[in-house]
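Same chain, two partners: chain A is paired with chain B first, then with chain C.
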Partner chain A sequence: MQNRMAKRLQKDLEQMQKTYVDQFIVKMPNNDIKHWIVGFEGAKGTLYQGEKFELQFKFSNDYVAPIESPEVIFIGKPPEHEHIYSNGFICLSILFDEWSAALTVSSICLSIQSMLSSATKKMKPPNDAEFVKRSAGRGPKSFLWSYHDEKC
Partner chain B sequence: MSQQSSNQYAYNQELYEQHIMQLDNIKNEIEAQDPFIITQPIELQILESEYLENQGFLQKIQKIRQSYPFFRRVRRDGSCFYRAVLFRIFEQIIQFKDQQLLNKFSNIITNSKTDLKAVGYESIVIDDFYDEIMKQIKLCPNNITIQGIVDAFCNKVTSDYLIMYMRMLTSGYIKANAFLFEGYIETGTVELFCQQEVDPIDREADQMQIIALQNYLQIPIRIFYLDGNVATYDATIFQIPEDADQNSVFINLLYRPGHYDILYSK
Partner chain C sequence: MDYEEEYDGEDYYQDSNSYYQPQLLQRNSSINQETLELQDVMEYIDQLINNIGELLNFDSDNTYEILMFYNWNKDRIESEYHEKIIEQLQKQGILNNHSAISYENNTTSCPLCLEITTMVKLGCGHLFCHSCVTHTIAQRFSKEQFLVIPCLQYGCKYRLPISMIKKFSRPEDFQKIVCRKFIDTNKSLAYCQGVDCKKILRPKDLSITTVTCPCGTSFCFRCKNEFHLPVPCDMAKTWVSEITKNEANIKWIVLNTKICPFCKRPVERSDGCNYLMCKPPGGCGKAFCYVCSNPWEPDHKDHFKCSKYVPPSNNLEREKEILARYNFYYERFLNSHSGVEQNQKRLKQLKEKHYQEIQDIYEVTNIEAGFLETALKELIQSRQVLKWTYCLGFFISQTNPNSSKLFDNYQKDFEHSCEQLSQICMQLFHELEKMQNQFTRTQISLETRRIDFFQRKEQFQKMQNRCKLLRDNLLKASENGDIMN
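For the complex of A and B:
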């Protein structure tokens, strides 16, 4: 099964490198197909224009690509956004209970970028401090997220 | 960004593995409750013991089993409708060496790739699932037995891949025929409906999904709805399309709230 997963992730990688090469930079710090860092810039004409961000994708060992969702968080300094916590966790339904095999790494990156682009003001989530404290040592997929609007 | 700062918020792999294990435990509970993804045909009478306290259900099961004495249980993981329909198609083709049905089904699946691309599914998303279903189709009717197809459906990975393709076909039909469905969607677009209610692997099929998949596959489906009404002895029958030749319908499903199993006639 490992093989099937690697094959699918390889296709995701090719798509990122061919179609989205101007938008996203993919790194694999440990040369491990199950661990990606995706760098991108806030889009022009948005509150995040010119800011650099990095997303980390982790595909679990028994990840039966792509039935199981990957784990996606911001690393480094996350964008200041009402659905993004200071520890990098992202409240976005398609990363959790609306994940489906119809999504790809690039479609996730595009959704996150569009979530930033549509922001009208920079603000942290209202429960940021409390949530970050509670989530110490836990992964985002271990939470039951509730979404405030259709996406989050 | 330097490597150091980018690792500042990353947390340790061991804990991450633990969370995944917790999620697996939940799945294992579902699997323990229904150890088989699809069972062998068993006597429908067995189901009566579950409804001894519910006369409405009980009397309908007793009536149904006069014509449909057997059923296969299908795992209650949200995919039972898709699984039951696809399984019955394969079973019918293999059991009766039904070349006509095989050709029809094979053509629909072969053409579906183009249809899915037309509504925005990318090749990298479609291919793995398409390949899996084509692999099973190519074994039909002579190079696979009924037990062989049961085994394929009872393999979690194979099963997930086959079901995922049924979900895509369902979404694809809804998106391509948005005008038929829009009126029934309370909020949002058909795209959002598909993202939330069709594509995720654990979402149950409701009326819209059933109609969409049936319309796409063009293979009639008959569903016996059980309910607790003690005034009625017959289950409500929902057949799509309504005008299908009754004798030609081979997909017979038993519906209890939230769940579908497969019924077999004498």
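For the complex of A and C:
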């Protein structure tokens, strides 16, 4: 199983490095295929132009097929966005309920980038402070997410 | 929606009747319900699928989808079904064409795991390997999201047919999840609420509110909560929501300890009885009442008097009074609750060790000592009813002072007999403890010990019958509306 997982992640990595090399920079800090850090810049012509962000991907052992979605959060300073909490958690349905095994790392990154690009004003989620306090010490996948709007 | 019609007259249940009867007769003399296993429910579902499938001219996959869409309600399908519905369901992606499915397709690379192996071709044309499909199904099951498993391709609206899901899942998992969905939407079936009990109960008719599983768990069939007669479901719900507002630790303190009125130390209750001794070493050795915290001597010979609430005369303090009254009844509710729990513990201990002790000390058989188990069970049942009478007491003392008086009488007598039964229980267990000492035991001849034991037995049976009588009276009175109106 480990082997299959590595194979799939290897392919995702190749895709990132070949097709999206200008857009995303992939790092593996511990040389561990299950832990990625993807750096990217806010797209031109959007509210986040020029800002640099980093996403952390953690793949659980259940990512075998890959059946289970990876855990994706912003590290460092997260963008100020309606669906991104100050602790880096992202409210995006494809990361939770609507996860499909056919989604790749690059498709997740593109979704998050497009979520940022479509923002019309910079604002924090309405329940940010309360949520961040409540989520201390827990991973984003331990929550039942309710999506604030259709786009999210 | 009428669920009764759906099952009455089904041959299936008549069959299972004759099958289950012997087992039920053994364990439960008053048969209110049937006990079913998952297997039985599954058989019923299969039959339902067959019938509906024949009626609508569908294969079993699409019959499943239709039944799930209509929440397993056969009558609704029969009344609402017509050709246009089919078109709509197809548009919504509920009915799918599964003719393209092939399980042994060409060997190619799976788009998900990239493994080169035999592929499954879904009705929508997408290809995946066996392992990816199996894992996806298992993961959907474990999230309890059930049989709606969309195509693994992102954005594809196709749903995997039941036959495929069944093929790629473990039979026990499949059965569990299909039955769960069926039972959850079915008003005449319910899972036993007992821990680790997997039985399914079906009352003989829907007017029955209390069901008891062979595992010993009783619960209210209507609201699926603990047994709460004589209180109706909605009242019990209000009461529980009232209780949960209170802090958990306050509850623990009220439930588990009482401050000794003599030496002011907190004392934990060890038996269901209201007689509390602040036991040395550590305690002062004096006795007090668990309910009112007053010294036991001299006026607690009839220790049931402390269950009647006397409201303060000052009308200006009305609000204070409501709170005080609530606390009053709440405390008694919790007292009884802890009583039930202690008695349950005792019942467990009885089976684990006391039977053996009784055999050693009195040289009686387990059958002769069996009355203890019956008595404890009666006590548990009675205390459970008593517990909920405090909830009822709270509400009717508020709305109807007249029936409240009548009710107080019922309650008083009932509580008294519960306490008496509880006390003789406690005395016997204390006696057992004393007799553990070999020296004490040899002081008394076996003959005397046996006489003592059978005297106790007689007392037990008398008190237990009285408890049962009063309990039945109280329940009957509340059922007939004597108390409530």
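Definition applied: the second predicted complex is superposed on the first by the 149 of 152 C-alpha atoms of A that agree within 3 Å, B and C clash if a C-alpha of one lies under 4 Å from a C-alpha of the other, contacts with A are read in each partner's own complex, and residues count from 1 in each chain.
What we mean here is this: contacts are C-beta pairs under 8 Å (C-beta built on N, C-alpha and C of every residue); 3 or more make two chains touch, one makes a residue touch a chain.
Just so it is clear, the structure is predicted and the values come from calculations on it, not from any experiment.
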Touch check for A:100: first (chain B), second (chain C), both, or neither?
-> both
Identify which of chain B and chain C touches the larger number of residues of chain A.
-> B
Using the superposition on chain A described above, determine whether A:51 touches chain B (first), chain C (second), both, or neither.
-> neither
Go through the superposed model and pick first if A:11 touches only chain B, second if only chain C, both, or neither.
-> both
Classify the contacts of A:67 with the two partner chains as first (chain B alone), second (chain C alone), both, or neither.
-> both
Would you check which partner chain A:41 touches, where first means chain B only, second means chain C only, and both and neither mean what they say?
-> neither
Interface residues of chain A shared by chain B and chain C, listed 4, 7-8, 11, 62, 64-65, 67, 94, 100-103
Which residues of chain A touch chain C in the complex?
-> 4-5, 7-8, 11, 62, 64-68, 94, 100-103, 107
The chain B residues in contact with chain A across the complex are 1, 3, 5-12, 15-17, 19-20, 22-24, 121-122, 124-125, 127-129, 157, 160-161, 164, 167-168, 171, 187-188, 192, 195-196, 199-201
Residues of chain A touching chain B in the complex = 1, 4, 7-8, 11-12, 15, 29, 37, 39, 52, 54, 56, 58, 60-62, 64-65, 67, 71, 73-78, 87-88, 93-94, 97-104, 137-139, 141-142, 150
Residue ranges of chain C touching chain A (in the complex, touch as defined) = 111-115, 131-132, 135-136, 138-139, 150, 152-155
